[in-house]
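One structure follows; several queries about it will come next.
Per-chain numbering from 1; labels A, B, C and D assigned in written order.
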Amino acid sequence: MGGCGMNQDGMSVIVRTVTRFVYGLILVFGFYVIMHGHLTPGGGFQGGAVVASAFALLLVALGTAGVKGHLNKHLLQSLEEVGALAFLGLAFAGIGTAFFYNLLANTGGGFFGVGVPAGPNAGVLNAGGLVPLMNWAVGLKVMTGIACIVIVMLVGARKEGTE
Amino acid sequence: MRKALLLVCFLFVTAFLLLAATSTRPFGTPNEAAMDDYFIANAQGEIAVNNVVTAVVFDYRGFDTLGEATVLFTAVISVLALFRKRREDEQWGGAA
Amino acid sequence: MNVGNFPFVIAALLVVFGLYALLFKRNLIKMVIGVSLVETGVNLFLVMLGYRSDGAAPIYTYANAGERMVLPTPQALTLTSIVIGLATTALLLSFAVFVHGHYGTLDVRKIKELRG
Amino acid sequence: MNTLATHAPVLLIAVPLLGAFATPLVGKLGRGARDLFVGLIVALTAALAGLLAADFFAGSGVPSIYVLGGQGLSIPLPSGMTVPIRILFEVDGMSAFMTLITALVTLAGAYFSFSYWRERSGGSMYFSLLLLLTAGIFGMELTGDMFNFFVFLEITSIAACGLIGFRVWLKKSQEAGFKVMTLYTLSGLFVLLAVALLYGQHGALNMAFIASQIGTLGVTVVDKIALGLLLTGLAMKAGAVPMHMWAPDAYGEAPAPTSAILVANSQASLYAVFRVLFTLFGIGASIATNGWILIVLAVLTIFVGVTMALVQNDLKRLIAYGAVSQIGYMLLGVGVGLVRRASLVVGGAALADKATALDYGFVAMQGGIFHMLNDAACIGLLFLTSGAVIRASGTRDLNKMGGLAHRMKWTTVFFIIGAFALAGIPPFNGFASKFLIYEASFKLSPFLSVIAILSSIMLLAVFVKAFQGAFLGPKVGLAVDAEEAPLGMLVPMAVLALVVIAFGLFPGFFVDTIVTPAAKALWYGRDAYIGAVLGGG
């Protein structure tokens, strides 16, 4: 296990320095993908996976001891449940008409209610009703969920995989 | 014996899949696109979203997405449950 | 460009390779790779079903006026099934870790307490 | 209009999901709060299932539609379109019947778990997975959309495997977890490939629309391949014999209350097999062939299940093989019905006449469908008692048990009731449904009913052996100071035992009120199923 480069102390100085530099960029890109999910390719799942990959990079480069305190398993798990509940809550929001009814779209201004012109256009960020909100909920869920799996398996596999 | 049986199954499934691939309609020419054309035509008007795929994922087929989020949640809970901290009497070879 | 059914055959072959690894490989990790290959093949097949000749991505932000667009539904379905694949792979690998912890090996021929 | 009943199909999934997402958070407050919360969620879910079923069975029997996210609840088609574009739920007699089964088993399994899992770790995650499994099963039974069905299938697969491997300190549970997960994933991918083929052929994912397309355009090669893949995948998930190797491992290694729910999961896959064969492909010349395929699978399943049960020494695994063999009886009943239906005139009116005149094909269907409910009740009861027995004796090996009847009187009684019901002994419910199957399959071929009867007798021998090993004889090992199971375990067992007895004593009433509408939905409900979505008839 020691030979694969992942251990308590992480990898070499070069990798760690580059990681510190790139980490923030990946996070920004991930949040951009989540935020613009209704305008450009991407969305909550893709952006969440990008952010989770930043966490995984941190974990691999700095080692499990290096990220202690930054990434708390219990906090991540709770956040994931909050994301899932938020998504379910947004789905429940339209139950006056039907489950999953998008009650904010095209309400004319205000909160994500702006309409968009037909045909190709540059895009309106404040549009889409529940869609951007659901993107955020799913993004939160996916980033914390995948990070949780990675942390647990990285730490646990060494403990449980060999008797 | 077991290996021969597996091989027969494998060859059978291979033939089956290749038949499926060759008898599908040609690549790039959908038989029927009424549902998808509706999405392309109405995503901007109904949902006010430029990305049609996002409109499908979060609105027209939003329930699938809820299911998908649930699948991920299930996997996270399962993995966390497997690697959980166990009690004293639950170590290797503990009680049934 | 007319390519007939060739792309679908490629996807089917990917599924076949995955099944081969699943059925004939003796290592649990290689079996997980087989499952992943099957998943990839099916996803590829699904997303290829949505292609319309000379179609653009179904996103109005980048589209030109009056352009033909590919079908959006298979892309949404593939997104769902990729996430499902991720979930199953994570769980399968976790089980592999625990099987190794109990049996000390990943060889399926030596892991056979459940027979009959 | 009763709004709660209108929203019942989606609430039936959303409420357990809400419970599952919130259980780990509530669990931080302590075990009492968590048990109270889960208990409330499960009770609410069961009440919703009861409401849905009562609403449907009291109504006119027309399938009801729930459009997710639509402008109106029951407007499946947007104006000017002939294709439903949104995901929709479609509740007909069969779906309503299946939700009743699931609700019954979940209620018993979850309340049993409160005592069973009291001194174990990871309770919040256990109950979260249990609720997810339930939500997935309900979704499989209610959805009217192919891809949505696949998503719920995967939810049940992952949740089930998480539960099977939950006791990580047991060597066998991890092996079973890996094996079952691999086969579940494979079966899910077969289903997904079939969904992809059907989408490529018909450009839609709605079951009713695809069924009507197959009806008007005829069954093409691609449709046939999709049918083959669907049957393989779903029969694998249901545990029919050539693909049954995972089933005894799964039922045997899962914690006892979840084994009961896993049986409901297998039955949901079986429901999907019936839905595919009767609704999706219920037209054309090949349905007799499909029926014979089901019958061959059924005979193999019954025979192999019972024979393998004979040689087991592990109590859980013995019951697990019993559960496998019962899947065969359901397949047999419905398979005989399908063969007979093919030989009758293909047309709604003629089939409806045959249902009121109680043609033997229809009787076979009634038997097969009634047996799903009976099997869920008595196999569930047996798994729960096995949990109590294993907890008291500390072993699963029948050779190391003995004399439990002295101290565990109630558990003994419940085990006898479950075993007799499963083997089809008259006063209990297993007899009621098996008798219908014997009677009807005899008319198709006496050979089938001979196999079915002989297997039932062998099954009785199996359970006599198990009973003698575990409950009679001198007290061995831990049985010397074994205690009766706590009240929290006895009450769920008693509920299931009461159900077993009630169905056995008044089979006519239950067949008339809930089984016949379900059988009719399959037998001649295809046009109504399509008509509810696409309009017309």
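Quick note on the criterion: a residue touches a chain if its C-beta (ideal position, glycine included) is under 8 Å from a C-beta of that chain, and two chains touch if they have at least 3 such contacts.
Remember, predicted model here, so these are calculated numbers, not experimental data.
Colleague: Would you say A-C or B-D is joined by more C-beta pairs in contact?
Modeller: Counting C-beta pairs in contact, B-D comes out ahead.
Colleague: When the C-alpha atoms of chain A and chain C are each averaged to a single point, how far apart are the two points in Å?
Modeller: 22
Colleague: Just give me the whole-number Å value for how far the CA centre of chain A lies from that of chain B.
Modeller: Chain A and chain B have C-alpha centres separated by 20 Å.
Colleague: Where the centres are mean C-alpha positions, what is the separation of chain A from chain D, in Å?
Modeller: A distance of 36 Å separates the two centres.
Colleague: Of all residues in chain C, which are in touch with two or more distinct other chains?
Modeller: Residue numbers touching two or more other chains: 15, 45, 49, 59-61, 73, 77, 79-80, 83-84, 86-88, 90-91, 94-95, 98, 101-102.
Colleague: Can you list the residues of chain D that touch 2 or more other chains?
Modeller: In chain D, residues 17, 21, 24, 68-69, 147, 151, 154, 158, 161-162, 165, 168, 171, 193, 200, 205 touch at least two other chains, as defined above.
Colleague: If you look at chain A, which of its residues touch at least two other chains?
Modeller: Residue numbers touching two or more other chains: 39-41, 45, 77, 81, 84, 88, 91, 99-100, 102, 116, 119, 121, 123, 142, 146, 149, 153, 156, 160, 163.
Colleague: What's the contact topology between the chains, one of line, ring, star, complete, other?
Modeller: Shape of the chain contacts: complete, all pairs touching.
Colleague: What does chain B use to touch chain C in their complex?
Modeller: 3, 6, 9-10, 13-14, 17-18, 20-22, 24, 26-30, 33, 35-36, 39-40, 43-44, 50-53, 55-57, 61, 64-65, 67-68, 71-72, 74-75, 78-79, 82-83, 92
Colleague: Tell me, which parts of chain A touch chain B in their complex?
Modeller: Residues of chain A touching chain B: 37-41, 43, 45, 77, 80-81, 84, 87-88, 91, 99-100, 102, 105-106, 113-119, 121, 123-124, 127-131, 134-135, 138, 141-142, 145-146, 148-149, 152-153, 155-156, 160, 163.
Colleague: For the complex, give me every residue of chain D touching chain A.
Modeller: Against chain A, chain D makes touches at 7, 10, 14, 17-18, 21-22, 24-25, 66-73, 168.
Colleague: For the complex, give me every residue of chain B touching chain A.
Modeller: 44-51, 53-55, 57-59, 62-63, 65-66, 68-70, 72-73, 75-76, 79-80, 82-83, 92
Colleague: For a test of understanding, state which residues of chain A touch chain C in their complex under the given definition.
Modeller: For chain A paired with chain C, touching residues are 39-41, 45, 116, 119-123, 142, 146, 149, 153, 156-157, 160-163.
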